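Shared chain: chain A. Partners: chain B in the first complex, chain C in the second.
Showing the complex of A and B:
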């Protein structure tokens, strides 16, 4: 356990070693959120308007929530696994007495801590600049469930990154392309980062809810906002857990096959 | 006698004027010929560089397909989102669904064309850091031309025709006047001019600061604010993204002119900004290139 803690610490130091890089990355996040914020602010310009089941307070809380959940769930270093495989650097890790998955999870957690810290500062600053009406959840059970759904989401996303990175075992040049398509574009739209998925017609929502993507951002925020009934909550967590099991099983299979195909090019 | 002298002087004058006219015509025709020759030369060079860039993409067809799919997905998802958002909220900042989609399509025409033309800028930092820029500076072509246009992006090229077709289709539905269409086309060209100026600024800054990736990406993120009309944003952000970072002028003004919502003052400001920005950034480039140290080469 201690070695993974050390990996986390080193990773944290690495991030801090390039502060401009990190700060610029956070600035980009804020700009992206501003687009979404003002878009929804304009849509809710009429007082008392309720749209797609949200009032002004809840939709703006959703937008602010995106910043927080995104920092926790979607900030990840595991995307670099694809590069390690394609450059043959995976060989270095294979000969070390460490669990490769735990190694990256430690690095991810370090990155998430730093991102969360900055996201919190940004939220405070933006709150005082924009002065949005914010909905505060008082139900402790819902807060607990929200935090549980975040843990599920972190695991789900990390495993998804590993599965997508595994493509590079067979197609070393396709790593970034696969990530762009799946973990950038698809996740951006189907996880609820850009907009709450309630804007879609019910039939479309039902289909999207069967995919793993809404459980990364949309579902945790729905839990926090108290928009789900008890059966919906149970159903959500069951689907979430099922995807997690499927992903873990699939990753296990694909990783073993991938290691057999791995030839360590470049080393 | 005086009349004779006057006549002679007049004859001289006429001869001088004729000579001057002949001289100017010769000069102009030589200049024009040289200019056309140079243009042809640069078009040929651009075509050669683009062909090389395209061949690199076509060598990796699966990657090309993945990125193309990603771009198409992103474009389609955003249109679907805008459609549901604006029709659900019965308009956005005073615009209806078709108008909002037209803004988004116009944004894409400018954005994708810029990406297609200036993709090489994203690779410029490596040239400066490694000192490989020397290899470009010693070639008998304008280095700025090579740096800006050296690697056209085939994925963007593939997406341009459908986006333009969609823009024309949606634009026709809005029933614009001939003047609006003419202004729209001029302002789109002006936007591409501003985009060129921005890319010149970025490569110039890259020489001085060795930083390029974040400058470009932050500008691209800011550009995404132009996917919707700038009227959506409140002051002071609206003022900032209109005149300080010219997202509004570049991405919103053409569509506003098309809808007949742009006053003549803004049209003039837009063109003045476009032309001035090109001249200013070219001067900055001339300043920056002198700071290049050729380190690591």
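Showing the complex of A and C:
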């Protein structure tokens, strides 16, 4: 069997090795969705209220969209890479004929497939219970583009995480700080997780759209909601792809340098 | 061209020439102010882990690599398995440059670090082994064959489906070995393979390493603090200290080269005066009726004759100084 398929398989087994933990994790997800739903539902309870140009239906769709895309894109197994480097566990993979990046990508995809499977079931159930006024996209082309943008986002985020984790080659204790900076400060702020990015003035939006961060969460969501014109779509995907290429090149360089500095700590 | 017969026999598996490895570390100051200072004015400290070592190892040889903590043993093994980038020097294993970490190279070697584990803690060992089958691209029948053989040799066949966390340390170490050897590597780097194991398990692992070496003509480099490992396994030892090789040769030569004294064990039939014994050699132990004295190698015959003539001896044996104490002396920097 292909080595990366087997990596995915063992990752799945690992995820469900403790069924109770797994179930509690899913329960947490459902409760989170319910909390957010009731919070925003209450905030927009008076009819006709509009905030940041979003009415009740739009904001609910946005919030649900954020939760889904975020859980799918920004929860990455590769978070452990920095730890593996600083603890010297990277050695285990380096002495084997396996590509470390693809190894983590496979582990990540396995966990995402599992996540998606259960999330779909939960969402379908919740949808019929709550009957929220959310927007369902019917355009097949847009759904296809949405899924493509999600795949781009996953790749982009994984590469970003790898680049940030590389800091640990030179400063083993800095891994956590670097992650915090990337995932909490920059990503949360500029990816559209905290608030829709179109609340910014147009000029600021234009600048933000040239950075890689909106392509993690905000852009895929806009694609899904059908908010973008054709030229905007094309431009978005081009910028997205350019960042991917730049980061891939950069990661390749920095990783090669990092391995030369690697000391295989721990012993 | 005609090939000499001797050439094939002496094929080199590992060649190391003038290998130097320096580590650079930044010294962190004490306390908060010191740490902040080191941020904008870092003091770099160079650690010379290997200072130009050279050696070569034939195919099928089993070599023990010994030295005190921090001598550079593990660093050498890490360079050879492609984990560390050498500062300078030449290294070649099976014709490959280890640093390139070509897949075809990695498929031929195995690295076992006694304190690093590759087994998936929450899953049974068989899952890790199946993963390695895929990673090393082993055909199903080769995999089954190797798995059978290894689990039988190490007697852990019925534990394959037990969660790794529930295994004892010894059982786990055996599975670590199986996971590392499932692709039947030609070169093994074993770093402290018996660390933390009880005496019985140590012996099992030692027997296994020896079997593996003989059966597949595998080249093995092994580091250990456990002298029994070396005495049992390695005919040749390389002693390394402070990044330099201080001895490379047969274990028996190390012993005869460094053993300046022999030990005479005595059993007396009547009580004697200890003081008079001191004229003959150094008294190490005395509790009637037993005594242990050491004498210079060259005068051992004379001392024995003297003892037999002047003391009421019931029994007398002459022994070599034990290897452990010799190696301890070597580490302390004593010269031949």
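Just so we're on the same page, the second predicted complex is superposed on the first by the 215 of 267 C-alpha atoms of A that agree within 3 Å, B and C clash if a C-alpha of one lies under 4 Å from a C-alpha of the other, contacts with A are read in each partner's own complex, and residues count from 1 in each chain.
Simple rule for what comes next: a residue touches a chain if its C-beta (ideal position, glycine included) is under 8 Å from a C-beta of that chain, and two chains touch if they have at least 3 such contacts.
Here the structure is a predicted model, which means the values were calculated and not measured.
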(request) Considering only touches as defined above, state whether A:2 meets chain B (first), chain C (second), both or neither. (result) second
(request) Have a look at where A:195 lands relative to chain B and chain C in the superposition and call it first, second, both or neither. (result) first
(message) Which partner chains sit in contact with A:139 here, chain B, chain C, both or neither? Use first/second/both/neither.
(response) neither
(request) Would you sort A:34 into first (chain B), second (chain C), both or neither based on which partner it touches? (result) first
(request) Check whether A:264 is in contact with chain B, with chain C, with both or with neither, and answer first, second, both or neither. (result) second
(request) Name the contact category of A:21: first (chain B only), second (chain C only), both, or neither. (result) first
(message) Applying the document's definition of touching, compare chain B and chain C: which contacts more of chain A?
(response) B
(message) Based on the A-chain superposition described above, do chain B and chain C contact any of the same residues on chain A, and if so which?
(response) none
(message) Quick check on the complex: what are the chain A residues that touch chain B?
(response) 20-21, 24-25, 27-28, 31-32, 34-35, 38-39, 41-45, 49, 51-52, 171, 173-174, 177-178, 180-181, 184-186, 188-189, 194-195, 199-201
(request) Note which residues of chain C are touching chain A in the complex, please. (result) 23, 74, 78, 81-85, 101, 103-104, 106-107, 109-111, 113, 115-118, 120, 122-123, 127-128, 130-137, 191
(message) Give the list of chain B residues in touch with chain A in this complex.
(response) 60, 62-63, 66-67, 69-70, 73-74, 77-78, 80-81, 84-85, 88-89, 92-93, 211, 214, 217-218, 221-222, 224-225, 227-228, 232-234, 237
(request) Going by the contact rule at the top, pick out the chain A residues touching chain C in the complex. (result) 1-3, 5-7, 10, 13-14, 17-18, 88-89, 91-92, 94-98, 259-264, 266-267
